[in-house]
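There are structures below to look over.
Here come two complexes built around subunit A, the first alongside subunit B, the second alongside subunit C.
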Partner chain A sequence: MTRGGYIALGLEGSANKLGVGIIRHPEGSPVAHHTGAEILANIRDTYITPPGEGFLPRDTARHHRNWIVRLIRRSLEQAGLASIDDIDVICFTKGPGMGAPLQSVVVIARTLSLMYNKPLVGVNHCIGHIEMGREITGAINPVVLYVSGGNTQVIAYSKQKYRIFGETLDIAIGNCLDRFARILKIPNNPSPGYNIELLARKGLTKPENFIQLPYTVKGMDISLSGILEHIENLAKNNDGGKYAPQDFCFSLQECLFAMLVEITERAVAHVNSNQVLIVGGVGCNLRLQEMMKIMVSDRDGSIHATDERFCIDNGIMIAHAGLLSYRMGDHVKDLREAVCSQRFRTDSVWIDWRDD
Partner chain B sequence: MSSAPSLKDTTTTLIPSAVYHSNTSQTTIKLEPGPGPHSTIGKTSGPSDYVMNAGMVDKDVPSAPSSTNLGALRSQLTSLQDVINLYLTDRMKKNVAEEKDVDMDNLIGEQEDEEDAE
Partner chain C sequence: MSAVTLSLSIPMQSARQADISKRVMEADPILKENEISVDYKTDNTMLTVDFAASSDRILRTVVNSTIESLKSVIECFDEFDE
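Right, the complex of A and B next:
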């Protein structure tokens, strides 16, 4: 323990964002809810490709490898720390995510651990989002909608695990939006999803230009690949330019977000909760938050969401979740355990810092 | 926690190397970075042609090595990575050229059953 509290370094690189965060938990602070965490640094650099292109694992990993040391140095400076000696624990994203980018971050975590003789904690990326969302918003026991480029899940906590109530049956919602953005050559800077949101905000060019898409909800699960294929075909064969980009973006968002609201409402009713927390990169979308708020308000509940600093992948959430785990006595005992995995389910993590 | 970084002061004489062996090869190969000169710009670790052809501007060039022992180690590791990549690529090309039959049973025998791995 350092200087009247615990300080953790968090390293995130499961996709195209490379994040480094440094967090401090005050001494004696609770671990179950709201630690009073202080964010000392939260820096991110994004690997951005030209319009119409996705990000390849090899090039994304190269970006992470070549920026990580510079970002760590900058984060230490921002945190006012002299060196990694001042940090108690190094936390890294263990998974899920893209293999090569994940590996590049694990390697630096292991190296720093050896060089500075610091313990390591591997963190589930999804748990990082949830715990950071709870810490920032003050939500105590919410139903969580986790929506990003790689994940789409409706989650609720019960008996030491975050249980998955519903999820996508094929591609993630962010992946659906990103891939559609490539068809229209919508820029990837700052992110394709945000640029779709801006186009959708313009509204339909004409009311009759709303595009009916194959809305697919199965219980608390959703399917998105059919919607993507349908709208991709329409966009490629846009009859005489009938539809403008904003028509596509508006229609796609309305359909996808309505599906998310429906499955979230079903989970809220099932667990009898009155709080909804939205996390993940797509969670910053103001239209999604607005639609969710309408549903939650009808149930006399409250909606909790964060801005891009915490919604989009970041290092601070890895530091926070890792520190919660470390304070419960969990850390890597053998360096050979400091590995990553592309598949790492949210409900496979034992949440020992929360009560039943 | 100890504040003595264990690797910082011991890199003067360290030369990184890699050892490669597999089920399909009888020999074990030791790879070394070679005589140099070494730098952090690798021959095989640049951006992929695909993204460059799509109009990518490469902003992710590695920083120059520092003048410390760790900086020298970084450069040597980049060269070593090149040697490894070239060796493995060459090996794959040879396999394809010779249409070598790989004994898949041996390879599969080394894997865990999927059910056991769960």
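Right, the complex of A and C next:
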């Protein structure tokens, strides 16, 4: 080893993004809130379907299998590592996510682990997002809003666990946006959510075209399927083309994000924190960040968000969270533990690398 | 249960590769144990996979997914075995 510290390889493929990352932690306590991590490589390849179509598990898994070995090779080159032997630990996404894509990645993780005799660490995808967000933004003990294609949760840390304060009762926010994009045939490249954001940024064609949607907050939780059905019906029977795509996108974003801000504010008040960290693919949305900022600054707090490199699923967050866990002495002892599970709750992970 | 069976013999480049493939593949739990059984064996450089399933439809599914995973393992060997 030419460099001190620890180097981890992270492999992520729980949905339509395949990510490979290599991270280095300098020596020092892993219990410190910020490890001073150095990103050696962070590469992603996204499986993009034609407008109007979603990504299916089998096709997504095939995409991941096609690319993963090449991405690992490229990440080693980018990191300036000669071989996988220079890596201390191999981390993979254990779940939650789609079964077939997760499986396509874990097979590679197991193979490399046996070939190079390297320890394996299975990482909870949500914990990956949270820990990477904390590392990048410097937020110490934030309320976390985790919003992506598969998850919508408001999370706060207490006693070695990231506890879920509120979540969606049906579909994830990103799923709601993606499915709406399919109705209007909004392109999936680079992502449907980003294209909705761009359309919404144009604003309403006229003020009276704001569409009232069934805003649904239930205590700490939200429900999104009713909103999706409502706007889908309107979009399908758009009488005489009354509404332009930007009217739909603007109204949908305003309603959904207002709900997210409301449940986040309730959690912030509850845990007496004034930091809000937004993670997950939908977290790159600048309008969401802006609305959250209005709420947080009313409470003299600060908002922490990252850009697409870290918000959207990536391998580096898996490497980072896996390395934290490895440095606390956790890793797979029997290869039969190196399996994925489609369901894996954020609050089922014991966070031993925090001492607060 | 074993209405249909199939055996695959896959020659690897070394006994070590055969052993690694067996251990990688065996780690996955078999989901419908009353409908499928998959058994991995190695003999020197040869990896043998014996399948038994309750119907040809199920057999085809499990053989397909096994081959897909094995292809990934072999691609790893090709790229990273030094």
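A few points about this structure:
Basically, the second predicted complex is superposed on the first by the 349 of 356 C-alpha atoms of A that agree within 3 Å, B and C clash if a C-alpha of one lies under 4 Å from a C-alpha of the other, contacts with A are read in each partner's own complex, and residues count from 1 in each chain.
To be clear about the criterion, a contact is a pair of C-beta atoms (placed from the backbone, for glycine too) under 8 Å apart; a residue touches a chain by one contact, two chains touch by 3 or more.
What you are looking at is a predicted structure, and each value in this text was computed from that prediction instead of being measured.
Superposition model on subunit A: subunit B and subunit C are shown in a clashing arrangement. Using the contact criterion defined above for the overlaid structures, shared-chain residue A:Tyr6 touches neither subunit B nor subunit C, since it reaches no partner.
In the superposition on chain A, A:Lys118 makes contact with subunit B only, while subunit C stays out of contact range.
With both structures placed on the common chain, the touch criterion links A:Asp88 to subunit B but leaves subunit C unconnected.
In the superposition on chain A, A:Tyr326 makes contact with neither subunit B nor subunit C.
Judged by the touch definition given at the top, the superposed model places A:Gly52 against subunit B, while subunit C stays out of reach. Of the two partner chains placed around the shared chain by superposition, subunit C is the only one that A:Arg110 touches, whereas subunit B remains out of contact. Looking at the shared chain after the overlay, A:Val69 reaches both subunit B and subunit C. In the overlay built on the shared chain, the residue A:Leu335 is in contact with subunit C alone; subunit B does not reach it. Of the two partner chains placed by superposition, A:Phe310 touches none, neither subunit B nor subunit C.
Within subunit A, the residues touched by subunit B in the first complex and by subunit C in the second are 62, 65, 69, 114-116.
On the side of subunit C, the complex with subunit A involves touching residues 20-21, 23-24, 26-29, 68-69, 71-73, 75-77, 79-82. Those residues of subunit A that touch subunit B in the shared complex are 47, 49-50, 52-53, 56, 58-59, 62-63, 65-67, 69-70, 85, 88, 114-118. For subunit B in complex with subunit A, the touching residues are 1-8, 45-48, 50-51, 54-56, 60-63. Residues of subunit A that touch subunit C in their complex: 61-62, 65, 68-69, 72-73, 83-84, 103-104, 107-108, 110-112, 114-116, 335-336, 338-339.
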